[in-house]
Every structure is written in C-alpha cells, then in structure tokens.
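Chain lettering (A, B, C and D) follows the sequence in which the chains are written, and residue indices restart at 1 in each chain.
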Amino acid sequence: MAKSKYEYVKEFETDDRMLRNVYVLVRIDGKGFHKFSQTHDFAKPNDVRGINLMNHAARCVMHELDDILLAFGESDEYSFLFRKSTDLYQRREAKIVSTVVSLFTSAYVYYWNDYFTDLKRPLYPPVFDGRAVLYPSEVEVKDYFAWRQADTHINNLFNTSFWALVEEGGLTPKAAEARLCGTDSKDKNEMLFTEFSTNYSKLPAMYRKGSVLLREQIPKDADKDAIIPTLPETLPGSKSAKVIPAPGLQSGPDPISEPASEAPSGQSTPISLDSPIVVQETVMQENSSNSSSEGKKRSIDANEAEQQDVEEGPAAKKEAPAFKRMKKGVVIDHIDIIGEKFWTGRGAYILAPEKKKKLRS
Amino acid sequence: MAKSKYEYVKEFETDDRMLRNVYVLVRIDGKGFHKFSQTHDFAKPNDVRGINLMNHAARCVMHELDDILLAFGESDEYSFLFRKSTDLYQRREAKIVSTVVSLFTSAYVYYWNDYFTDLKRPLYPPVFDGRAVLYPSEVEVKDYFAWRQADTHINNLFNTSFWALVEEGGLTPKAAEARLCGTDSKDKNEMLFTEFSTNYSKLPAMYRKGSVLLREQIPKDADKDAIIPTLPETLPGSKSAKVIPAPGLQSGPDPISEPASEAPSGQSTPISLDSPIVVQETVMQENSSNSSSEGKKRSIDANEAEQQDVEEGPAAKKEAPAFKRMKKGVVIDHIDIIGEKFWTGRGAYILAPEKKKKLRS
Amino acid sequence: MAKSKYEYVKEFETDDRMLRNVYVLVRIDGKGFHKFSQTHDFAKPNDVRGINLMNHAARCVMHELDDILLAFGESDEYSFLFRKSTDLYQRREAKIVSTVVSLFTSAYVYYWNDYFTDLKRPLYPPVFDGRAVLYPSEVEVKDYFAWRQADTHINNLFNTSFWALVEEGGLTPKAAEARLCGTDSKDKNEMLFTEFSTNYSKLPAMYRKGSVLLREQIPKDADKDAIIPTLPETLPGSKSAKVIPAPGLQSGPDPISEPASEAPSGQSTPISLDSPIVVQETVMQENSSNSSSEGKKRSIDANEAEQQDVEEGPAAKKEAPAFKRMKKGVVIDHIDIIGEKFWTGRGAYILAPEKKKKLRS
Amino acid sequence: MAKSKYEYVKEFETDDRMLRNVYVLVRIDGKGFHKFSQTHDFAKPNDVRGINLMNHAARCVMHELDDILLAFGESDEYSFLFRKSTDLYQRREAKIVSTVVSLFTSAYVYYWNDYFTDLKRPLYPPVFDGRAVLYPSEVEVKDYFAWRQADTHINNLFNTSFWALVEEGGLTPKAAEARLCGTDSKDKNEMLFTEFSTNYSKLPAMYRKGSVLLREQIPKDADKDAIIPTLPETLPGSKSAKVIPAPGLQSGPDPISEPASEAPSGQSTPISLDSPIVVQETVMQENSSNSSSEGKKRSIDANEAEQQDVEEGPAAKKEAPAFKRMKKGVVIDHIDIIGEKFWTGRGAYILAPEKKKKLRS
C-alpha cells in the first residue's frame, strides 16, 4: 500500500517519556504580555479582570487534568504541579506540555468576553509557551512555589511603588525607576505609606500573594459542569459528561468584590472556583464557613477514593460523614505558600505519600 | 535576598535544544475532535467551515513564525516545517512546540465565529497537542509530507464512501463499515460512481488532497495586517506592526467555489491566504493569473532578501522586476505534494540549500 | 586563526546532564562473555578466578569514584550506585558511564594475570558496555538491588543444576535443559540434594548471592595504594597519592576460603577488599572481628567527615573513638540485600539523608 | 515469581536511541594523561610507542565495528565516524559510546607490553572517557576532522618548540612558555629552524598530522586475525571467526626498525595495518609517492560489496579486477584531511551516498 512506503518517517520520532516517580511541574508564560496588556489597557499595576481570566483558564486546566494537585499563578505565568505517579500520556513530555498550554490558551480566549465585557475578543490572539521541569523531592517542590511567590511579592511591591509614583506622584516612568533604584522592601513600604497613604499589607492578597488553586471539598450542588462548558471525555481523566449551555455567563457583575479584611491564613477563605467567580460568591461564603471549621482536615472526593485508604491519619476517615454533601473541587485562594504552614495545613494532601501500587506502576 | 535562596530550583531545568542543521517538523493534533465535531454538528465527511478555520489558524502560525517554510493540514491535524537553520528560541523544543500549539489554538478559538457564524464561540474550549520531529534530509521531508497526504487520500475516500452509504444509502454505520471492509481504492471509487453518481476525482481538491500553505508572491496591496489582527512584535520574526480592526470579517460567502477542473500544477492557482479566504477571491484570481505565467519561478520578498543570492538559477534574479508590485506572503493551495513535481516546482524553495553562513551559525 | 573557523562543530554537542537529586545507577555488562568464558575455560557453573577478577575491577572503580556508595556484582555484570547529590562531571551521562566502563575494563585486563596466573593476558581483549538509570526514591534503589540479587539466585540455581546434570550426571546439555524445564526452585534444590548430594544452601555465598561492595571501616594500616596501583589524581575524588609497585601481586593462592558457615547478617564478615583478596585474609579476619562487634553501627572516615553530622542517630558519633585506628575503605561481602535488614543495618549509610547544603548545590 | 515483583525498576530506563540518518561521531579522551605520560616517561614532545599503541587500539575498534568509516587520532584522543545508516545497537547512545570506550581501553592495556616492552603492564590502569556527537551533513563531518587536525598542528608545533627550548635550549619550562607567548606559526617555524636546525615540515607526518584510519584494499593474505587476536563474534558486525595464537606478539623487537620489505603491499598503496604499526614508517613514505598515482581510486572489498553499485564513478568498477587478490582492511596513514583533496580522493567512500534501502531502514 502507498501508505506503508512512507511510514518509515515515523521512526524519526523520539521517545520523550519523563522519568517516573518524580513531580512534574509545567509552567506556562504569556508571550509578549507587556505589549498585550498595553494594547488592551490593563489597569496598572494589577488588572483584576486579567487576573481573574488567568485564574479561570488555570481552573479549566485543573478540571480537565485530574493529576494536577496544585497550581499557582502570578502576572502572566502559571505553574501546575502533577502528582509523582501521574501516567498521563505515559508521561510524554511534549504531549503533556502542549496539552496544558493549549488548554490554557483556549480557555483564555474562550472566556475573554466574560471578563473583558466590552470587547468581544482580544485585539489579536494571545499566545503562551510552556515547559516541564522535574522535581524529585518534596523539598524542591516547596522551594519551587516559594520561589514563585517570592517573585510575586518582589514584583508587585516594585510595580505598586512604580505606578504610585507615576500615576499619583506625576513622575515620568524614567524618574520613577530612578527613585526606586537601590531601595529595599522596607523603603518601598514606607514610601507608599508616607507619600501615598497606602498600607501595602492591606492591598488585596490576590495582588500581593498571587493565586493558589487547590483541590478541596466544595458543596455537592456546585456543579462545575453546569457552569463551565468544558471538554467532554476528550482528555484523560475528564469527568465532564454533558455540556450544558452556560446561561449565566454573560451576567457577570464586577468581580472585584474582594473581601477587604483578609482573614488570617488559618481561617482563610477557600473560594470555590466556579465561573465566573463572582456568580458563586454566596456558595463560597457557605463553603468558607464550612471550610473554616474543617479547614485543616484533608478532603477526598469520590473520584479519588482509591487514594483515601493510603493516606495517613485516621482523622481523614472519621471526618468523611461531616462532608456528606461535599465533593472534591478546585478552589482558589491567595495565601502564603512560602513556609511550612501551608504544606502541613491545607497543602498537606499535595505531598502526601502515594499508594505503593501506583509507585510501581 | 529572599529570592536567591530558592532560585536553585531553576537548576533542575534541562537543556532541550534540538540538534542543529536538521529540519524541525511540528505536528499538532486536535484532542477529542471526533466528539468536538459531533457536538458542533460538523458536516460529514467534510465541513468546509471547519477546514477553513483550521487553515486560518495555520496561516496565523506561519505569519508569526517566519522560519516555517511549509505547512500541510488535513482533518484535525496540521504539520509545520521549519527551515534547517532556524534558531528560533535557540531551537529549544518545548518552547517551539508549545508556541506553535498555543498560537494555533488561540487563533482557532479567536476566529471561530468568523466561520461558525451562528455560534459566538464553541460549546467548550477546543484543545490541540503537538510534538516535534527532526528530519535530517530532504528525502525524509518529502516522504513525511507524502505520508500525510497519502493518509488524507485514504481517510477521505473511506469517509466519503462511508457517509454516502449512511446518509444517502440509508445504511447503519455498522452496516456501512461492514460493506467497506476489505475494499480497496478502486472498489470505493466504483461504488461511489455507480451507486451514488459521485465522481470522486471531481470532489473538491481541498477534501481529497488537504491544504498546503506556501510562501509565495502575493500582490503588494494585499496587506495581511489589515485583515488578520495578529500578534504585534511579540513573537520572534513577527513583522506585524499595527493592528487594524477587521471590518470585512463577517461577510464571508460560501467559500467552496473550488474550480472543478484542477489545472496542471504548472498553472496551478496559488490562493492568497487572506481572511476569510472567500473575501479575497478576486485578489486571488489576479494573483493566480500572475502566478500562472510565472508559476515555476521562485519568488522572494524583501524580508527574505538575504536568501536570494544563494538560491540557484539566474532566473530568480531576472524575474524580480516582474514582481515589482508583489511581496512574499502565505498562500494556500490543494495540490499534490506526493511526487517530485511539487518539490522541483512550487516547492523548490523549501528544500533549496541555505546560505553557508546560516549553516555554521 | 584556522582553528576557530571549524570550531562551530562543537555546537552540535548536546548537554546530557542528568536530573539532579536522584540516584544514579550505572550497570555494566560483559559483551559476549558466554564466548569469552568458553574460550578461557571458565569453570562451570562458577569460576572463582573470574568472579574475583570482576570484584577486583569493581573495587578499583569504587576506589576512584568516591561518590559510589554501593556496588553489586554477579556473573558478567556489575551495578554501581552513586549518591543522589553527586556532581561528578556535572552529572554528564556519557562522561560518567564511559568513565565507569573504561575504568572497569582497564582494571579487568590489568589484573587478569593476577587471577589467571597461567595466561599473561586474555586471548583477546574483553569488552563491557554500560548504561545509566536514574532512581528517584529509596524504594526503587532497594528494589533494584533486590531485582539483581533475585536474578543471581535464579540463574545460579539453574546453572548449578544444569552443570550437575551435565558434568556429573552425564546428560547432554539438551537433555539437561529438558530435564529442568518447568521445575521450580524447590524441585531443583531437591534434585541437587537427592541426585548429587549437594546441599545448595551450603554452596559458597559468593555464588548464590553475588558480591556486595560497601564502604566501611578498615584498619588504618591497610593502605589500598600500597596494594592496588591505581590512577593517581586523575579522576575526580581520587585520593591515591603515590604509586607503589605491587610486589605481592603474583603470589595469589586459591582465594576460595569461603567461610562455610555463613554467619547471620548481623555478624557477617565484611572482607576488606585488598588485592589479591587472599593476601589480606589476615587483615580481614581482624577487621571482621572488629566488625562483628560493631557491625551495625555506621562508620565514616575522614574524607567523608562532612557527612557525619547530618546522619541520624547519636550512636554514630559515640562510636567514633572506637575506630581510632580505622578508616573508611571498600569492603566486600556476599550477603542478602533483598529485604529491609540490609538497608537498616550495614547498608543504612547508603540511603541516609544527605546534607541539605548538598541538595541545593 | 520473586523476580517479577522487582522488575518494574526496569521501567526507569530511558530510550536513548539517537536520531536516524545522521553521522554518529564518537570521540574518546584519555583521563589524566598528562600525569600518565609523565609517570611512564613518555618521550617529549611525542612518544612513538604511545602513539602506536593508541593507533593499535583504534584499529581494534574499527576491526570490531564495521560501521566505523574513518578514525582520526592525536595525542590522547581518538575520533570515530560511524556511517549515517548505522543501526548498531539500534543507535542506543550509551551502548555505542560505552562499547567504543571499553574496546579501546581494553586494547590499550592488552597491547601495552607490545609497545612498552620493558614494562609488563602500565603502573596503573589507564582510563578513557567518551561521548557521541551527531552531525547531519557532510560539511560538518569534514569540518569536524579539519578541526581536530588543525588542533593537532597547533599543539604539535607548540610542543615541539617548547621542548626544543627546554631540552635543547636549556630553558626552564616557565621561560620556554614565556618565550613562546604571542608567537604565531611562522615565528615558531623560524625559531626551530634558526635556533635548533629543525625543519618542522620534515618531522614525521605522524606527529604533525595525527593518524588517519581508513578502510581500503589490503593484500588478501594479510590476515588481520592472524596478527591481532580480537573478539570473536561478540560484537555486531565482527567477522573474526577464529582466534589464532599470536606467536610474534611476545617477540617484540624494537619496533622502530621497520622491516622495509613488507611485501605484497606493493601496488596497493594503502598499507595493511599490521602490528606493531611502527614497522611501516618507510613503507608509508613509499606509500605517499604511490598514492599520488593510485590515490584517487576507491576500493571496496567483498564484505561491503553491496555498497559498490551505489557509489558513483565508473572507475570504481573498472578497477575491481586489479584488486583480485585484495580485500578490504583497515589502513593507517598520516595525511591531510583538511581540505577537499582528501574527501574527493581516498576519503571519497566515507561521505558517498548510501543505498536507499539503508536510508529507509
């Protein structure tokens, strides 16, 4: 047959399966987003519509790919952590990276108009790139996310100071840059406070700490599929069975109803990530009250039930009844992931040992 | 500084630069497009809107990435061939693959409504994945594209026969499948002709041969940037300076006015790839008349002028004046790329030797 | 300069540094050793000279490369485990694999005549190949060595049975093979006992369990460099300062003075690996008596002193005085490495956590 | 079975097959050979015994691995070029590199005493490392070898000058280094001529140009296997059927008293690579004059006959009868491989197109 004569070219494909039993981290970055944000008049230093759209796109990625345990976003980048034992696409690197990037990009364009309501679509198609990095141990995973959140802090403090000087202080960008040269965090905090009456630590945590996507219990009736039309059955692990037209999509009010008083991290407010985020505010409040009392306990939903019996601590099982009307979902929060507190608290499930069976394939 | 303490995690990133001086082929595939096409009621066996949208997205990729010499699309897949000497992202594999996939996906969602005019956006975000393959020699490059086009032929003949049996013949899918089992090309051609009065070879070439994107001369006033809003200055090699709103985008008539008598390749009709394709029909006709007289000569525009003096054949230089009002652009056609004719004709520039300077970096 | 014009060819070299912070395992295998052993009339099923020569070569590798923590040999293969944090050759794979293979091969030919005393050199140069495998966790490292030792057991029991049937039982090889077909371990053990009066479990442990090379305390005056002429200062980590002619090299008596009663692992007899092994029998006895009382405690010598304070357990520090006249050296034993006992006992140092400083490079 | 429980660790092995249809170049380097040559009192700037031993070891590699087309050696390094289509070990990188390195090392130790006749074996085992580099095109292959030979020239001219200043001129090494600092080739040539009456261009080509190993016709009765005991049937492609004791090996006379009368070698200019290599010095001089008349003809022996019909040039076929009593063997010469002359002459077979069948596997 004609076909077989040419098929030898397939043999030039290489096997790019990644080492087993190490964490797979996929980080995506916007390409030319400095320009993109200017072209679309993003608010400076932070555009809440832009951040919410990024978060929405990231949530879609987590909804489709169950092996992602945690995601962290800031600016135009997002990091996704896969479980050690993931066998998604047999761990083929190009497949995994390209799928995450495509899914994220697709969702970003798809949901654009839900956040930028005055523009049907962006002025040109936005682009992201991505890469995978392998991390063998828990220490590196923690340090990776600490690295990104430290970066968020440094950049946001600089940008907040810079734009205060430019927009409120009337300095030219060049003069603002010169003014900030050589200053440290304390200097910038003080300058914001004395010159612009801005208490930096009271600014929204979303700006200062970035966004953390977790898998936690959410109310059972918060059906993601009713709200987020997403790929049915096309991606491994997808459980979205049916596609329901999204009637509420256009109704999005101003999503910046950020709770001014950011609660201490221990009682922080895990926000169910249904779309658009604002629509679910009420559910989230309920959720958060549930969560605040149960917050530190680990939660496991049906589709990861096989994990349950391996995970240490009898408490995990005991609390199950309390969550009768809950299920595992993706929630968003803006909390500290630098330091041990997160990893022994709400993040404990992320680095918990996995079933041996999985380890050995 | 807090940052540096964690920055060691960057050392886990690996160097994935691909071997130099070999062709880089990036192939993308739709994920779950069987389901996607059903959900969106794609016409069977071919949906012209879907094909045109694929082609549009592919053209955006070629507009942004100048080092792509040739692209070929069929069904839900597209292949992009980079020049041997490309140094895009220092040939880093993940960067190149993820950028191509993201760009394609972004454009697919972005231009969706220009082709599927009754639906603001798809019912859920579509996803593509991608991979890179290296081909050292011209022989393999030719055979790669022959492989894909042979695949197009085989699949399309099968699908055309299958859907004729189902939709016109009233067979169940199962019965249709059984009916076709064990048949060869000749059998299917005959069945289509005798039972469904269909001369397979008269069906649109776009269905039978897939779509070929080439870099060729187009009229100088066919400004791609006026029509296709695309990334300004964000991707290496992008030359789109300004973004102009696309007023004509919605006006697309039925694009299937495929000339039934596919002319011999020498006088073939390179179609300027402006968007939507149909809008430019007139321009294309002019273009094709220009092309038909000059068709076999190679054409080089300003931004690739440095290539010009290397390329063999004095004719190339002599004809330059004739193209005074032409420039290099991306054109689409549905022609045979199996066999030598294409590669010594319109495709000759693709495998032509490159400047030595480039070869040696 | 003429040179620079061509130097661009270096840019085709790829970066093959292996992922950090995972165990590096290098396994080498003899090429065509079935033929090689026949050509040189190796005793069947085990040739003690051949095994001792393999062990000698492996010990040379460990002497040169300090980051190797453990080695295991059987038949014509040897496995070397590097510490997670090794930065040998910046973890470049080809460098590490080729150095281990070359060093092993070199030593094998070099010391040939010390074991095969009637033949100046082999009848032709023997060849080994090698490969590296990465193991992220302790579980896999344990299971890797268990895999190899299980293989040793299975092969040796089969070979012992086969050659008993052939050499003592007078069967043809084909008949012997047929006889053993479908038998399990118990069947073979019984056959050996009833038909050949052989108690398989009393055969030398070296045959049944392979050879384990460990880093343990040896008497301070057992100067390896006086006995094994080996690379001075040429390999990273080499501490061999001076080369002393090896006068005793030819005197090797039969080295099979294997202690018939294999002691329980706790009191097992770590044998200092000086060369030829037999020469050091006395030293070994002393060593083993020392070891037998201290066997389970971990021992660290000067050149790895920096490790000491990280390693858990206060006992490690307390015992230091007792080893005043001891130093770390490479010892050989033929013990069980399947099961936890080894890894919590004499092998505990191998998988012990490393200094954080090292982890973070 | 006990075995299978652990066998999952094999899944951590990665597929390291190298891209097809590109040249594979393996370069090996001595480790710590500065020290090694000092320890063994190598003559400065060149030790003919050391060079000949290197060449002998390289020849063994070529005898075993038929897919090596060309080798080039200088100082303590050797480069081996494999044909594009080689499928040795399915192109697995670690296998190929480690086998070449092991084979070379093994032969180096094995034949040591044939060249260093006063020392049974080196004072310690020498070590080499190796790496593979892929080259897609003929241009790079030529430039690679030009790069190495240019390096030979530069180093040897420097070393010759340096040691003349030290050993004949009585300078300290430091003073000699200072004296040469900033000089170019012409300066050094002149200094050698005026101060040390040395015409650099008359020094042995082996020193100035390194050593080139080619596959050419040799007399049929020059049976390599009678002279070089080497691996029988153990390596893919090996054709050595039987091992013949090497009677002459022990008789090592001073190898630089080359028997001028190495007979039939007569017409065929290429010289059979019998051992010790030094025997051929005079012949080589003759060789070069012969070569000029016969040099450009290509020679192919029986075992590569299938190549013959592909190779261009009718001359190749016409001369076949003349070589009736010849066969393909490995020959050594010390000629220019910088420049086109070599690659269109004696080296023409190296880059000649291969059979299509091979290209497509």
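Keep this in mind: contacts are C-beta pairs under 8 Å (C-beta built on N, C-alpha and C of every residue); 3 or more make two chains touch, one makes a residue touch a chain.
Keep in mind it's a predicted model, so treat the numbers as computed, not measured.
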| item | value |
| --- | --- |
| Interface numbering overlap (same over half, different under half) for chain A and chain D | same |
| Centre-to-centre distance between chain B and chain A (centres being mean Cα positions), rounded to whole Å | 34 |
| Whole-Å separation of chain centres (CA-atom averages), chain B against chain C | 57 |
| Centre distance in Å when chain B and chain D are each reduced to the mean of their C-alpha atoms | 48 |
| Multi-chain contact residues (two or more partners), chain A | 8, 12, 14, 19-21, 134, 140 |
| Contact graph of the chains (line, ring, star, complete, other) | complete |
| Residue numbers on chain B that touch chain C, as the complex places them | 8, 11-12, 14-15, 17, 19-21, 360-361 |
| Chain A - residues contacting chain C, complex | 19-22, 134, 136-137, 139-140, 356, 359 |
| Residues on chain D engaged by chain C in the complex (per definition of touch) | 2-3, 5-10, 12-14, 16, 28, 31-32, 35-36, 39, 60, 64, 93-95, 97-99, 101-110, 113, 120-135, 140, 143-144, 146-147, 150-151, 153-154, 229-235, 243, 245 |
